[in-house]
Amino acid sequence: MSGCATVPDNGAAISVTGIARDFEAGGQVLRVLHGINLDVAAGQLTYLVGESGSGKTTLISIIAGILYPTEGCVRVFGTDIYALSDRQLVEFRLNTIGFIFQQYNLIPTIDAASNAAVPLIAQGMDRLEATERARVMLERLNIGDQASKLPSQLSGGQMQRVAIARALVHQPKLVVCDEPTAALDAKSGRRVMDLLRDVAVASDRSVIIVTHDNRIFDLADRILVMEDGRITHDGTEVPAHER
Amino acid sequence: MTWIAIRMLTGDRQKFYGLVFGIAFSTLLITQQLTIFVNLLNRGATAVHNIATVDVWVMDPVSRTQDVIYPMPSTALDQVRSVPGVAWAVPHLRANAAVRTPDGDLEGVTVVGVDDSTLIGLPPTMIAGTRDQLLLPNSVFVDGVGRTRLFAEDAEPIGARLELNDQRAVVRGIVDVDPSFTSQVVLYTRYSNALNYVPGTRNRLSFVLARAAPGVTPEELVRRIEAQTGLKARTRTDFAQDGVNFIIENTGIPINFGITVALGFIVGIAIVGLTFSLFIRDNIKQFGALKAIGVHNGKIRMMVAAQAGLVGLIGYGLGVLMATLFISIGGATSVDFKGFYTPWQIPLLTLLGVTLIILATGWLALRRVLKTEPAAVFR
Amino acid sequence: MALFRSRPSFSRNILPIVAVIGLAVAAFLIWRGLPDRQLEEPDETPARATGALANAPRVAGAGVVEPSSEVIDLGTALSGLVTAVLVRPGDYVSRGQPLFQVDDRDVRARLLEAEASIREASAAIAEARAAEAVAVRQLSLYRDIADPAAVSRSEVIRAEGDASVSRGRRQLAEAQLAAARASRNRARVELNRLVVTAPISGEILRIDVRPGEFVQAGQQGNSSTPYIQMGETRPLHVRIDIDEDEATRVALGSPAIVSPRGAADRQVRARFIRAEPQVVPKRSLTNSAAERVDVRVLQLIYELPRADGLFRVGQQVDAFIAARPAAVRREGSAQ
């Protein structure tokens, strides 16, 4: 049973209680998450680390409100997101959550500033004003000079910075990142993560990053390690065997 | 978001032009073929359309169209004039005859005899000559087909002599009419002349052309004439339709054009459908990202609708423009297309077809987008 | 969103504008190309029933104008050369007025001859009378002598014979006079007959004889045309053919609205005269030489009012006559 009827609001920025998730594959029900309990505070950069198939992507999808859990309760800044209607959930994502994808998923036919402005445009803001704000965000990410270029004219690091700008432009309270550095070389990845940490982390915002890139573990405020659908480690450092 | 959708579409030039081409081609094919079809069918009613001053045609009960005629005795004219509600009525003769051209060739013609004193039944516009010259003895007018068929390119038709049924006929004018379905030469002359030009049969009167008195509808007049005289009466529009129906029933034209129009429709669906779904597949990740970010399905629908709408507008606009230009230029320059026009219903019909194509392909494409789980972007 | 804020894009800005302009152009071409299928009014309309008949039961017919006397074809009683034509077409002549003159020299000669014979006979009569008087007086002288011996019997007989002969000669002369008179009378009659006169008062419609031509008595018919046609044109009549199918519908006796061919707007009311008792095969009124129509017509005669020069003999007219109110035909009866 999913839902937060019996779970009191504990005031944490993100509160995950008893989350389980089943997938059906070939007629068999496969449980990929086993009753996850997790609280994340605001102002923190949280890493979710684990092998492929450990359930970290499923968990972050559920936290980000794009995948329904089979059981359990998710509160994001106090809102029981899976009690919302589909429409309300979409609105909630739009206003509260910023997304950074592994493959950037930029729209190839519009320039960087427009790409970064998409959430604002989707919120209904005038396109010009939205683009202007997106430019400001791109400036903060040090690629203001690339604002009028198409994604295909940018390097991988620049594209990811555009994606970060898109994730932050509407001032979301929660930012979720899926392997932000996986497609980048070490140097670019490092620079992107430095920027992300500088720009994204704020006192009223949580940032959750799914990654297994051990080159950037030192930036985290908190690292959660997942194995077989369970959180096996929770601390500021990765356990030694993960390194 | 619409702006983003349009950018997404137009940024991919190949597919965008593919889509526009598909719609434009379908529009052109459907519009142009339907137009030619309708105009060919209308050729079956040119005799009716060419006479603008009468609203009821009276004929023998077995006559069917302008060219399938069983003549009536001449007193039928008086019978029709006797019917209350008939403002006036004139005799009208249509018959086939053979004419000797100035070069000595034999040419089949349709002889049309119009009312002797009022010339009612003569088409309103003349290319050469004036209407009252038909009042001269042995005077005939030829139509545009006759101008080209009976006379050499450089020959002067006005004043030329023809031989009809051993009678002399002098061409004194060229009338401006649309050719008939068979493109046969039409000679206009007065009724009394026509009787001499056409080999004799017992009854000669092909039609009585009547005009309803003010306050009497043509339909009501038709009813009265049929009740009182026992002859067959048709309103102008109905009789024109009879000629059209005769072609539909007796030729393979509707099937041929129907096949072409269906092909245009199918080709349109195929091109547009394939290109559109390719386009959507290429952009499915972007759509997924948008859905994850928080664009709800209604907005996604609007985006796809905007994309389809833009393609539809451009393709349809260009296609209709090409089709109407084709007909306009053809109608102005070629005898075969003379009088061709684009009925306003056909572009609307094409619009319906294009809308169907776009709706069908857009719906297919949209289904894919709507089914995309936003969570898929994390995998 | 204003267009062309930045560089105009071909596919996003120009193409849609081209498409919209194309649609406008197409709409204009379509609108301009649409054929005019509206009803139009002809410059001139044919005969139409007006007034009370416009929307009432009626019967239409075609007819020909004729004189009220019908057309009289004049021939000549005597053959001969025409010496003078005394009238012209269109002249209105009174009854007995000479129309043309046939050569009368021969008859005049015979007249003179007869008059000479009369004078000769008169002289013979006078002479015979004188001789008769002498003979009678001689005889009475002999008769008055009482003495039979004074006159021989033979004398007396001779005197009686003289008297008788002279009487006979007088009677012969008288008979010759009568014969000569008769001959003169005949010549005079012939002289009259050589002048063709109008049998009635009327208008000369046609003259097909000229001085110097030879006219033949008593032919009239097949190939030949009459020398003079005339008829009473005050008033004119019109003979209207009604299709036998329609004939029963006519309200006999009601007036007709008549207009000449080619001047349908000039209509007159004509007065009913009579219906011909016989239904006859339709005579062609369409000028076609070879028209054969198996339709018979009822002929109605109407009197036209005075209308200066509007109607002429032989002219075709269109006519509308009121129909009997209840005479609505069954549908399909003419098929």
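Letters A, B and C mark the chains as written, and numbering starts fresh at 1 in each.
In the analysis below, contacts are C-beta pairs under 8 Å (C-beta built on N, C-alpha and C of every residue); 3 or more make two chains touch, one makes a residue touch a chain.
It should be emphasised that the depicted structure is a prediction, and the values quoted were computed from it without experimental measurement.
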*Which chain has the mean of its C-alpha atoms lying nearest to the mean of all protein C-alpha atoms shown?*
B
*May I ask which two chains are joined by the most contacting C-beta pairs?*
B-C
*Could you put a whole-Å number on the gap between the CA centroids of chain A and chain C?*
120
*In angstrom, rounded to a whole number, how far apart do the mean CA points of chain A and chain B lie?*
64
*Centroid distance [mean C-alpha coordinates] between chain C and chain B, Å*: 58
_Where in chain B do residues touch at least two different other chains?_
3, 7, 10
*At which residue positions does chain C touch at least two other chains?*
1
*asked:* Show the residues in chain A shared as contacts by 2 or more other chains, in ascending order.
replied: 127
*Would you pull the chain A residues touching chain B in the complex into a rising list?*
57, 60-61, 64, 66-67, 86-87, 90-95, 97, 99, 101-103, 105-110, 114, 118-119, 121-122, 127, 166, 178, 210
*Of all residues in chain B, which touch chain A in the complex?*
1, 3-4, 7-8, 10-12, 283, 285-286, 288-296, 299, 373-375, 377-379
_Give the list of chain C residues in touch with chain B in this complex._
1, 9, 11-12, 15-16, 18-23, 25-26, 29-31, 33-49, 54-62, 241-243, 245-246, 249, 261-262, 264, 282, 284-295, 297, 318, 320, 323, 328-329, 331-335
*Contacting residues of chain B [partner chain C, same complex]*: 3, 6-7, 10, 13, 16-17, 20, 49, 52-53, 55, 61, 73-75, 77-82, 84-90, 115-120, 124, 191-192, 195-196, 200, 202-204, 211, 213, 215-216, 226-231, 236, 310, 313-318, 320-321, 323-325, 327-328, 331, 339, 341-344, 347
